[in-house]
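In the two complexes below, subunit A is the common chain; its partner is subunit B in one and subunit C in the other.
Our next item is the complex of A and B:
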């Protein structure tokens, strides 16, 4: 099978719990060796989708194919998936090595094979010295590694992570994100992460699927997701933005002119005149002063938040609208609260989205 | 000041431990009395009372009955109580709290009240076979111990473990056997011991349901005391005590006494 061939295919998967639609005709194709994140707020269906792939939840409709095999009706123990659970779900009555050996023992592997696999998995997560420890004697970070080693040891077709890093404290989590990504790339694992943490999604993944109300709103590489959000929800969920409500005055050539309470803006988008829209831009696109081919708006600085390499400036543009600018030290003078300033941002970095019930 | 307070607490802890253990020591000492008086032996020791236990009138049938009832009621309680506890701890059972309280409630009822209630209840439905009524009554006694321990044990059990085992290649029944059973084994053992002891030692409920031919050991022992108070009973009590200590010691080796006492996790 070539590297680019579809490795995991989810086709039209739906799932209802009572009257609630949890998954609404999900389509998702993942290539071998790809790291994909399902990102969304709680209740968006991301965990249910992961469980459907693992075989722990049976979809009402649709198909799941893994490594060229239709596994829709295959029980979890015959799917050859590896799952790292949020609670780690390590077996308390077994040692570290016992936990990692569990999957291979159940499969009836030979003793020597098991020992070798356990050793390999332990060294992969750098826990070789803890093989004989009890689970209760491990720290949270160590337990996380054991859970990973246990899932990897059976050489699954796909690794599934259900909020696997969320129980770690922030610093450890950020270290683990980088290390885990490198480790998974080293062993050429295909993996799906479920998380509500956008930083984790952007750091760990080749592609991110933003989920909302049982649907995938956008499936894109992290960079594209941030720079070209496909929906207002995706824009809101990943990163910060300035958002201003308005009405389309004129449209054409993939651009619109939008009338808002704080001025007239040009934005990318296809709408009919008269449509209510939200005009949006990422904060780092906003600069103090004028630039060519740009939208501009003025206001009074409401707050200035210094965050090390960058400074976030929140500007009250009047009429209940605000502008959010991210200024780096190189941009010259950083304004102070109550300053009257004028901000501009490129038309090509301004998006228009249909106005919808805000998430 | 703080030191004095700590010292006072130390005295309390040591004093209370002695206070609780003293009667056991007294009964063990009395069992070696050389005289037929139920007294502390001050001159010499004798083991002859131990030899007399087996010859007590009706001792063996009563011991057998108590063991049968205790073992059987414990076994039934363990199985049914654990299943009920699973429903309460996991099954999203509507009103689970109410059922949990109901299962544990006989613990809060005085044994005499329970005994009278059961006697009248059994009579009302014409259920009078002594052995069977004793067994049913002892289910009422033992179930709360099992329910309480297993609900507590299950509430600490992460059911994700079963899912983890399934994704690692276990069938569902296999996962329950390989993961849930070993993880719950300590709770199971603790529940079994408490349940067995509660049944074996019960007097206030059994007394209402026993008849001349069907007397449990505690009833028989009280009868001995009334008839002929000699150190044979102390010897018997000491043996029961010894049996309990051995049971607890073995369990401690297996799961840890601190978990049974509930004084630490």
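Our next item is the complex of A and C:
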């Protein structure tokens, strides 16, 4: 099968629990070897989508295809899907090796094959020395690795991670993100991560699906997601931004002129004149002083937050609007609180989103 | 870890104080157990192996050497084993049903389990005799419905005995299993399924081992209660099904043979301890 062939296809999957629609016509296509993250706020349906893919929740409508096979009505034990649960769900009555061997044992693999696979999986997660340990005698990070080893030992068609790193402390989590990504690329696994941590999503994945209220708002590479958010929700959920409410004065050629309480701005977007919109820009696009082809606004510095390589400056632009600028050390003088400053940012990095879509 | 932070001269006495405190907590229950259980047991053992002429094993020879008393031991074992087995078969699925039940249904089900515990064994055993005797409710109903013409003999049969014993001791099997099942994370079964285990394999390899501690506790409780039951066999079957417990009562109350009664008591205890120890060994964690 070629690298680009669709490996996991979710088509029009919907699911209701009682009156609430938890999944609303989800379409998602993942290529073999791709690492995709489902990113979204609590309750948006991430876990439910994973469970539908694993066969642990039956969708009301739609189809799930895995490795060219329609698995919509296949029970979980016949799907060949690996799941790493947030709580790990390691079997407490088995040792580390017993947990990893479980999947192969129930598939009736030969003893020798099992031993070899367990050893391979253990060395992959660097836990060879703990094979005989009880699960209760492992640290959180070690349990996470065992859960991973158990899932990959059966060589599943797709690996699903439900907030698999969220129980770890920040430092260990950041280490595991990098390590896990490298490991999954080494074994050429196709994987879906669920998280509500945007840094994790950007670090781990080839593509990120931003979910909101049971729908996928945007499915894009991390860079594109950040630079070209498809909706106000995606903009808000990934990274920081300056957002100013206004009304479209004139439109044309994919650009709009927007009248706001703090000035008139040009932005990218297609709207009819008179539409209420939000004009937005990423903080690193804002510079002190003038630039050509740029929007500008002035205000008084409200706060300055030093964050090492960058400094976040929050400016009160009046009329309840604020500007957020991220200045690097190279930008020269960093203002102090109460300074009156003028900021500018390129028109090509200014977006307009419909107002009512605000989450 | 406050001790670790303290300078060494202070840390040492505080550890000792902790140990002292631990002993202090254990001591009262130790004294009670020693006084109320261990001492009488030693006396019981003494009485069973001593007679007017000194040490003797005659009581044990009589108990384990005569066919009649071997039959008595067997009756007790049979009562204990059958009751435990049937109670387990009913309780295991019932505990799962109880754990799955939600809201008011669960409260009602739990109440039906707990309430009978408040009634005395004698009351419950009598209730069974009222239900099962020839002019009892069960026979009257069956005859009124025309299903049978003459009353069936139910009371004073082994079936009546086991049915009654199972009914009376059932909560002691369901509750410990339920306690474990209610704690059981459904994710274990889901993890097993995603690893390729069918529902049956999941049950055998995951659910059963994880609920074993509850089973062991229930088996230990119900077996030790039913093997030594006195009221239940006395009321539901009577003279023709002598058990160790009824034999002990007879030896003390009628025959005035305390040595023999004590020996029967020791054997009964040994049986209960053997079964409890054996089942506890089954639930050990790996390595």
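In this text, the second predicted complex is superposed on the first by the 358 of 359 C-alpha atoms of A that agree within 3 Å, B and C clash if a C-alpha of one lies under 4 Å from a C-alpha of the other, contacts with A are read in each partner's own complex, and residues count from 1 in each chain.
Assume a contact is a pair of C-beta atoms (placed from the backbone, for glycine too) under 8 Å apart; a residue touches a chain by one contact, two chains touch by 3 or more.
The shown structure was predicted, so the numbers you read here are calculated from the model rather than taken from an experiment.
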| item | value |
| --- | --- |
| Clash or fit (per the criteria above) of subunit B with subunit C on subunit A | clash |
| First, second, both or neither for A:126, with subunit B first and subunit C second | neither |
| Touched partner set for A:150, first subunit B, second subunit C, both or neither | both |
| Touched partner set for A:89, first subunit B, second subunit C, both or neither | both |
| First, second, both or neither for A:81, with subunit B first and subunit C second | both |
| A:103 touches, of subunit B and subunit C: first, second, both or neither? | both |
| First, second, both or neither for A:73, with subunit B first and subunit C second | neither |
| Subunit C versus subunit B, contacts on subunit A by residue | C |
| Shared contact residues on subunit A - subunit B and subunit C | 54-56, 75-79, 81-83, 85, 87, 89-93, 102-103, 106-107, 150, 154 |
| Residue ranges of subunit A in contact with subunit B within the complex | 54-56, 75-79, 81-83, 85, 87, 89-93, 102-103, 106-107, 150, 154 |
| Subunit B residues touching subunit A - in the complex, by the definition given at the top | 158, 160-161, 163-172, 174, 178-179, 182-183, 185 |
| Of subunit C, residues touching subunit A in the complex | 185, 187-188, 190-199, 201-202, 205-206, 209-210, 212, 285-287 |
| Residue ranges of subunit A touching subunit C (in the complex, touch as defined) | 54-56, 75-83, 85, 87, 89-95, 98, 102-103, 105-107, 132, 134, 150-151, 154 |
